[in-house]
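Both of the next two complexes hold chain A, though its partner changes from chain B to chain C.
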Partner chain A sequence: MLLKPKIIWIDGVGCNGCSHSFFNLTYIDTLLNKIELLYHPLLDTDEFKIQKSDILIIEGALKDNFQKFNKNLIEIVEDLFSLTTKIIALGSCASFGGIFGEGILFNKENLGRFYNYKDKIINLPGCPIHPEWLGYVLEMIITKKPIVLDEENRPKEIYSFVSHSGCVRNEYFDWKVDSEDFGTKEGCLFYNQGCQGPFTHSSCNKILWNEVSSKPRAGLPCFGCTERNFPKINLFQTDTMMGIPTKIPLGVNKRAYLTLAGIAKSLKNERLEKRLFEYEKTNNKN
Partner chain B sequence: MKKLITKIEGEAILNITGDKIVEMVEIEFYQFRGIEEYLKNKNFMDSLVINPRICGICGHSHLIATTKAIENAFNTKITKKAKLFRQLTLNFEIIENHIKWFYITLFPTQIKDKKFLFKAIQLSQNLSKAIALITGQYPHTSYAIPGGITSDITYLELSKVKNIIDEVLQTQTLFEDLKLFFENLPKEIGKSNNRFLKASEVELSQIYEKKNQKHQFVTYDNLFFEVGPLARQKENIKEIYNKYEDSIYSRIYARLFETIELLKQNLKICDEIDLSEKSYIKPNIISNKGHSIIEAPRGILIHEVDILNEKIQNYNIIVPTQFNLSSDKNMLSAAQKAIIGEKIEYIDTIFKCFDICAVCVGH
Partner chain C sequence: MKESKKEVIMKTALTLFAKKGFYVTTIADIAKEMGMSVGNMYNYFASKEALAKELLLYTSRKFGDEIRKINEQTITSKEKIEKIIELYFTMAVNEPELVDYFMRVYLSNKEIFNNGCEGMLCVSAFVTEIMIFFEEGVRKKELKNQDFFVAFGLFMGYIGGIVFLNNDGVLPKPLSEYSKDVSENIYNALKA
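Moving on, here comes the complex of A and B:
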């Protein structure tokens, strides 16, 4: 019988949200049976020790003088790095620093302190990580299949899409019908509510959250949580210059985009200008 | 003796004196992140994205506390529909939290069997899905904003949510597993101060918090209190409470009892919601201070905010674990009192019966 890959999963500076998100993976039981989990921040395992592993998962950011297991986090991480084959920087904190500290391979504006381990590292940004993204990466490593990475070491199969792909508000985006305010299923959130979907690398609307939904489906803008600059300031506001969004859909020339947007808006899609439907007041007494 | 405690959404150290029986224990938390500092000078709306990220298991409670604190500052009124949805999703987080805590955190201190982990995961995945149907995703949604909620739910989602509640109620085996858990564990251990506090009873001015300490120190009216499910449910589980007082058994029983009660309550809420009401009404933004005191899975959660020209001047957070796991040499907190006088071998289980959230403490 083949030996199961040994995995060490530790948490740095973070919230354990990636662990809890991973618990939502529908096939987590079969996946856990294919691996040997040497340590995990929440699941029952043997006590932590510095030892060899096939895959090292770091959840959370790095930070100087942050204590972990009564030692220094950075030193623990460094010791584990030299004893492993693959490193998964799990979530935006480990990938880019996120809210709490430094990333492993990259920081928001410069290279991370472990950039020399680039060849071993797979970045899986997202706050939290989408369970299926991690499930896919682990399956690929376990079955020794190559993972194609982009220039920020993110798997292309996940991050070559934008969060906008598959958004149920796409019609509103196409015809430039903006959501005037929060709380309606109608309207696009790109112009007034700060949605970063058209330029955020992720597949949130392609592979749904908890198998059923995504932020824009619940009336929330994409906060760009898979990107290096997450979290930007003024997350519920669209950054504009002279009334025009400063960031436009990826791959399009700004002038071309604005021309197309102007035409779409002038042609008016009447169906989308009004509410799709509204409920009549109900009597809930019975 | 120093004992490192892990797998409590972070870590803590117990400094224990005593050989076989604990004579004294002090509790240290040492991982801090500085969320309150981070929030300074940010737009108040940004706190709705940042604060859920305080915690991976009870982040939704932080969202609700954040939005309520801001609404308190703005004096915002929201629709009944928005109120009910918020209660529904907060309840779901409490339910999911209790189930995960019971099977993933507490169970392995007595019984090592992966079967219970998968039981927790099966139930909690369903509960996460119910939350996501309303909020877009779980964990880390920001759907509750000052003025209401962002989502415009239809009966398609709502009927699915109801089906999930039915399924969880039918498939859970919490009380059978509780029996199993206590097969080789005395029910009377872990008795504490027998002094409880609920959110509805709290006057903010009576709260005292020592900041930036390794030893947490949060008192109410100059005393340490126990907060959480036993504080909330002791009147409803009188038979158990009268027999076992504030022991480990009552504490665990209260959590499981509450899990079932909230599932039933959520079914009722689903039927009470009137979808024709507005989800959101734009609030009137003013410069002011506000606060919220809510019941999170582990007990009283307090958020205080000071907003000037839409920007956060100051933010303060007090989490339930700071109440229960305060630590002092002279006066004993709920967790200290529960551990002292007990056998060393029971420490891990007694400590974890409080359902500790170390990442919340290290906000």
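Moving on, here comes the complex of A and C:
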């Protein structure tokens, strides 16, 4: 039998939200049986010590002069980096700085202080990460399968999608029908409510949370938490310039998007113009 | 071949509409002016309504293409305003039937365009370019961020109104002489 990969999971500056999210992974017991967890801040493991590992998971941001185990966090990270094969930057804080500080490989606008370790690092941004995302990456490493990464070192299997993919409100997006209020089943959240789904890389609407739902499905805009600039200010507001969304869906030029949007809005889908329960087929003029 | 003939028919129709009015002009009148049979005319346009719709698409695209050329220049928003107004006023003088069609036929007879030209459907080529012009102006911090239609109404309503006055012979000076002052007023209303 193969040796189980040794994993050290440490937390930098953060909230442990990614740990808590991971604990909801439906097959966590099976997965934990396949690894040897040397240290985790919340689980019952041995005390922390600097030692060799196969996978190092860092949750939370970096920060100068942040004390951890009576030592400077940056020094601990540096020591652990040289003693491991793979590094997983877990969550938006570790990946890009996120809420709390500095990222490992990247900051919001520049390269991170450990950019030299690019080849070892896998970024898993998300606030928090989806449990399945870490589950996928660990399974791939354990079974020695290659993980294809994008230009920000995120696994393409997860982050080549946008959170818009699979959103149940896509029909409203297509026909440019905005949601007037939060919590309604109807309406798209992109035009007024700040939804960043069409340009946020994630599989939130493809692999659902708790196998049940996602923010937009439940009526809350996507906050763009897997992107480098997260969090933007005014998360519940769409940034516009002269009424035109500042950021448009990925892969389309502005002129084409505006043309299509104008035409879709002009054509009007009557079914979507009112509450779904109020629509009756006899209303359809055809 | 068929397309260019179509374009000649449209230009002829525009001239007749401007001269005689949209409702009075018939397909037969246009055919006569073109030296074509009425039957042949219907090979190009199934009805006067279909012709009206295509004319709207044609004028919108023509105006949109010209604004796009301005949008693609690396100049300030103030200069773009001047160029768009100069373009519109020049068109109003050199191709009055185009502007006339837009204002007197399209804007005043919406019932003709209810079937297939609602909202942005037939004018999107032109409106999209104005959107891009506004959005880029705000992005460059040269124009104030405001509601699109508030700005659009101010822009198009104003220059349309001046051309209307000119066409009615009310303006004491040639249209081109108003270009500078109108541009400045619009810029002052839109600037950041």
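In the analysis below, the second predicted complex is superposed on the first by the 277 of 286 C-alpha atoms of A that agree within 3 Å, B and C clash if a C-alpha of one lies under 4 Å from a C-alpha of the other, contacts with A are read in each partner's own complex, and residues count from 1 in each chain.
Criterion: a contact is a pair of C-beta atoms (placed from the backbone, for glycine too) under 8 Å apart; a residue touches a chain by one contact, two chains touch by 3 or more.
Since the model is a prediction, treat every value here as computed from it, not as a measurement.
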Partner chain(s) touched by A:Thr184 [first = chain B, second = chain C, both, neither]: first
Chain B versus chain C as contact partner of A:Pro231, first or second or both or neither: first
Touching partner for A:Leu37 - first (chain B), second (chain C), both, neither: neither
Chain A residues touched by each partner, larger count belonging to chain B or chain C: B
Partner chain(s) touched by A:Leu258 [first = chain B, second = chain C, both, neither]: second
First, second, both or neither for A:Met140, with chain B first and chain C second: neither
Which of chain B and chain C A:Ile244 touches, first, second, both or neither: second
Which of chain B and chain C A:Ile50 touches, first, second, both or neither: neither
First (chain B), second (chain C), both or neither touched by A:Leu267: second
Residues on chain A lying within both footprints (that of chain B and that of chain C): none
Contacting residues of chain A [partner chain C, same complex]: 240-244, 246, 254-255, 258-259, 262-263, 265-268
Complex contacts: residues of chain B adjacent to chain A: 4, 6-7, 9-11, 13, 30-31, 33, 35, 38, 42-43, 45-46, 48-50, 53-57, 59, 100, 104-105, 108, 112, 114, 117-118, 121, 124-125, 128-129, 131-143, 145, 147-152, 154, 160, 271-276, 278-280, 282, 359
Residue ranges of chain A in contact with chain B within the complex: 11, 13-21, 23-24, 26, 28-29, 32, 41-44, 47-48, 66-70, 99-100, 127-128, 181-186, 209-220, 223, 231, 233-237, 278-282, 284
Chain A-touching residues of chain C, taken from the complex the two chains share: 68, 118-121, 124-125, 127-129, 131-132, 134-135, 137-139, 143, 145-149, 151
